[in-house]
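I've put the structures underneath this note.
Heads up, the next two complexes both have chain A, just with different partners, chain B and then chain C.
Then we have the complex of A and B:
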């Protein structure tokens, strides 16, 4: 389609008239439709609703033609092409969208460079309206942001400069006005929609994610939709060779720039020293505009971004994972949970008319010849959610599954970055952070088990190296070593300790039984996972002892603690057995392997019923002593002879002493003695020779420091 | 309040609602009439524009038809309300009106 000749004045009038019609329909159609409907008047008003919907596009298109016609007429290049006072513009479709989007991008650039705040505000309002009118038009959005991205990236700073005059005393806490926030929300919503639909060019992504004013770019995320509304990956390009998401690259750059002191939060500007009375509000304001906090929150909602930030170690992105994990896990030489200091002004400025606060990283000394210094403590719930999300990618046997690889690397960064909770350099973490550690441990339980004797550095292992899936091998030996510090931190919280111990025992039981019955999936049979898990249980016991917790005592002698452990295990029903989101995505025989890695293949994720809760509690109860899950696993795998023996032992017992119900071991205080009596009778019998754990697994357990019992029947 | 008052109140409410509908319809009619004179051959040329005008005018003809049918429907609504209330009053003759 060629361009159409239009009369600029007449088209401008038509655009205005169509906008008025759009507004009239929006204001009046609901009145007509609702009122006539309430009286059941039998009037078909469908066409009115169609008109209301259509009018938005009609008005937007006509305004676009009008804008383009005016621009055409004012372009000196067209002076010779003018014919009869007509301008020539695209009429409809992609050509009109592209031309209009480009025009609005140029208008945004002009508005941002305007020295008159009133004119700039009017121009921004016009662009914002056009953006709203095209919010569901991904092609238009893609064209707009591909042209406007550099200006959109610095919009927050522009708005601050236009509206939040720091010279005025009343604005000393104003970063962005309510109106500014609304404008940003509209531009961010459109950007997210374009990003999610894949219509952003790689250049546009880079213009946002690598913006010179990274604080301003991050404010689009703050006032935009949740992290889940943004893309999970982008097109690959020279600056983004791994195709990381906009959120991830922006986070990488925010973190990098925070660490190098390049980020400034615009605030204040008058010679108004912040007084002691101002400090609380000042700290709240600055923390609220901390771009790293903003990004981590969005990343945890997006999940993929969290995997990529914590797991992609490509140097081009700065490989923030290892140091970011330490920062968020309070493993620095600075105050716990302190992630930065906001420093008023630059060096030697003494806080006079600076109009900004520089973000100075933790562990870095601050020039005392500055103005106010405000400490930034990151909310542990945000840091915890981010870290937790970063290891949440489904485990995979696909060597090309980068998500699984990123999550594995994230797990290593977290485990290596965890400080011990007791001893030198120790710090006890906030529960929200400990939750992230416990979830990570349970996602990589077998891996941790197989790391107990690793004297080397922590590494990610490709599928088939040690386990059939992407796996981790954690530094497990030496003083200090990552595994011990990690377990020590988890064990400092009895809830987390109990959950991890129970999960390890259940997993051990599964592997033991499958090994004994020769049904262990290929790729795991020669790896010594069972010995590793026995060793891991020993390490958990050691970590518990370091925190003053006696597992045996807690389980055997303190009934309240025992009940608490059941409660903990029940609360983590998704892990014991783990109900992973990934489970349904995998088919047999992969399921069998995933089950060994702690991903349930038995329960769906969306129908947690009362029966399952009860079963989980029973399961947890069974799991508290190692020999119980071992026997249960043999029953689950139909080990010849075991079920018959168990059924025979239960036959004739009074109901309250029967411990076998529908193939499940259900232990109570009343039937515990009967169960133990049966177990002792079969423990030494071939072919399973359960008492082997006394020597084989018990040795592995004790070799890792386990001392809660002798490793035989009992609570280890 | 007796049945007579109740009927009068219901009819008055319906009349007010219909007046609101009428005002809304008039506002839309006026906005449409402001657009129409601008959609002429003097504003632009070319088959695409002409086609778009034809489509717009055809569509808004149906909108105006709908709006034009409203007065009769409004009158019918008021009439139905009156009839319905009177029927109810007849059925409950001799009984006090609901408060």
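Then we have the complex of A and C:
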């Protein structure tokens, strides 16, 4: 339908009437329906619900016609064209939506430029209501934001200027009022919906993600829905050649602008000074509005954004990954976890004309002539979650899978950016950050193993180079080297150390068993993988020693630390890579990786892990722990002869000495001797020749500094 | 056990946050261990053992120039290219078997004995000479040659 002639006054009355009807129905229909239902009156209330649902759109459409009619009449170009007081507007469908969305976008621009706070607030309220009415209309939202994006991007600053009068003492901690926050939440919700539905134009995405006022744009994310509600990618364009998500590009720009001191947080005004009593609240307020913290939190919820920020090294986005990793991992020349300083006022104004705080990056000296200086320490749980998410993309054999590539690069940035926990320049990280390191290590365990002899810089490897999947080869040689510092940091936490050590042993066992049975997938170099893992165990052992932990301590000497470490390992079996406890496979790329590499992830390894843990404790003295997961892996892969032999040996034993339960090795003090006797009987037998391990892998282990090996067998 | 503990303390007292730096006897052995794959790979390429020549050329040629590690049949490692070489070696050559041993095993034997295995490398070159060729463009590695 084309444009139709309408009487603006009559349409306005109709709009008001429909809005009243909408509100009346909203206020009463739920009560009526509930009441009728509770009496089981048998009255069909569906029609009431339909009427209520429809009233929202009807009122919105009529208000749109009214707005468009008024705009048409106020356009000087139309004065000569009026006929009988009629205005010509689109009546329905996409034409009405487009015209209305464009009208509201123009209204937003006008409201933001208004010098009268009252009028501006009224205008914003009207736009907000229309936005709410169209919240499920992705076409309308797309049209609105494609026109309004530049004004939406600066909405937070506009609202602050309208409502948080810095001249009033009581507003000295007010960045955005409760009302402002609600308005922002509505605009952000609509933006996220448009973004996720793919109706935002590339220009609109850029207007938000590359906004001149980047702090204001980031506040849409702060008050908007969770990061998972936003898109994971955008259309490619000249400014966004890799099609990164709005969240990712915005994060890149926030980080870049924070590092160059371009971001200002509006707060306070006049000649008000912050006293010593104000400092705590001031710090809390400013930290709460730190845009980088806001973005990293959303990125970790979105996941794709975290992969992209940490992993896309295209210079057009600034390649923030390497330096951001160092910043978040306390690897700077500044205070641990300090990410920025908030500096009151502009340079050299001595705080005389405050009204904003500039974000000054870590490691940068601040002019003492400025006003208040507030330190910003980022919450490690937010930084840890972001780093953890950044390496969580499933491993992939697809050379075109950029997510896997980004995650691999993110892993490198994290590993290269990790400071050692002992020695010169060391710092022991918060547990939340260490968790990110441990998860990353387990996602790339085989890669780390194959990196032990890498003398070069860390690098991402295409599928088919080292493994069938996207892989990493980390700088593993030299002093210092990334692999040692990374393992050293993990080993500083006994819990994490035990998890990683157990994971390496179980993975080693799986690869060994698959090779022996001829089921190792093509493309995996068994020798490279298992020799590397033997070397990695040596490096883990060395890292443990550097932190004062001897993985091979004799139980007779009752080293409590070692026992605690094993207890930790028992409590963290879910982190052992072949355990299938994680409900969300998406969050468990280790599982996906092992599936990809052909390692069975179906069998329960709870017992295997427990067995490994118990075995580690019981056999520490004899330095033979590794054989337990290896034998378990052979059993799991139905190695001919092994299962039958184990069952036969087990069958004649008294119940308390039986060590094989439903195909799983479960070791206790009572049955340990029986298991050991059986193992020694088969260890030298072909085709498995388990005892050859000591000679075959011992050198690889010792070559990587397996210092506790006492020059003989490894403590594995 | 006491010996193990002492070794552990020795590792701590190196004064370094890293375990495998150069400068000690163990580090020299470790440095040989880390360099041996490149030297053995060069031998394999020279003699075209286990299809190494073709595989190496294909792997290196597809990389960006700064990461290419094979030039006219000669391995030349830099900080930017060494990681790519290690990835190729671990994924392709480490498990390949010649004369009854895998390249990894040959590399271990070479590092332990401080000599190249004649079965793989012949007698016309030395480990020290190959090292000098492989790391000629990698100043950090040229500071000391761990092969006698």
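One rule holds in what follows: the second predicted complex is superposed on the first by the 638 of 716 C-alpha atoms of A that agree within 3 Å, B and C clash if a C-alpha of one lies under 4 Å from a C-alpha of the other, contacts with A are read in each partner's own complex, and residues count from 1 in each chain.
Here, a residue touches a chain if its C-beta (ideal position, glycine included) is under 8 Å from a C-beta of that chain, and two chains touch if they have at least 3 such contacts.
Being a predicted model, the structure only gives us computed values, none of them experimental.
With the C-alpha superposition on chain A as described, chain C and chain B fit side by side in the combined arrangement. Judged by the touch definition given at the top, the superposed model places A:184 against neither chain B nor chain C.
Once chain A of one complex is fitted onto chain A of the other, the partner contacts of A:58 are limited to chain B, with no touch recorded for chain C. Of the two partner chains, neither chain B nor chain C is touched by A:159. Look at A:479: by the touch rule set out above, it reaches chain C but stays clear of chain B.
Look at A:176: by the touch rule set out above, it reaches neither chain B nor chain C. After superposition on the shared chain, chain A has more residues touched by C, the comparison being chain B against chain C. In the superposed model, A:425 makes contact with chain C only, not with chain B.
In the superposition on chain A, contact is made by A:471 with chain C only, not with chain B. Angle at chain A (Cα centre) between the Cα centres of chain B and chain C in the superposed arrangement: 160°, in steps of 10.
By the document's definition of touching, of the two partners only chain B reaches A:35; chain C does not.
For the three-chain overlay built from the shared chain A, the minimum Cα spacing from chain B to chain C equals 63 Å.
Residues common to the contacts of chain A with chain B and with chain C across the two structures: none. Across the complex, chain A is touched by residues 1, 3-5, 7-8, 10-12, 15-23, 26, 29-31, 33-35, 37, 59, 62, 67, 77-92, 94-95, 102-105, 108, 111-112, 138, 140-141 of chain C.
Partner chain B is touched in their complex by these residues of chain A: 1-2, 4-7, 10-11, 13-14, 17-18, 20-21, 23-25, 27-29, 31-32, 35-36, 38-39, 41-45, 47-48, 50-51, 54, 58, 86, 91-92. Those residues of chain A lying in contact with chain C across their complex are 420, 422-426, 450-451, 453-459, 461-462, 464-467, 471, 473-481, 484-485, 488, 523, 525-529, 531-532, 539, 542-543, 545-546, 548, 550, 552-554, 557, 699-700, 703-705, 707-711.
For chain B in complex with chain A, the touching residues are 14, 17-18, 20-21, 24-25, 27-28, 30-32, 34-35, 38-39, 42-46, 48-49, 52, 56, 59-60, 62-63, 66-67, 69-70, 73-74, 76-77, 80-81.
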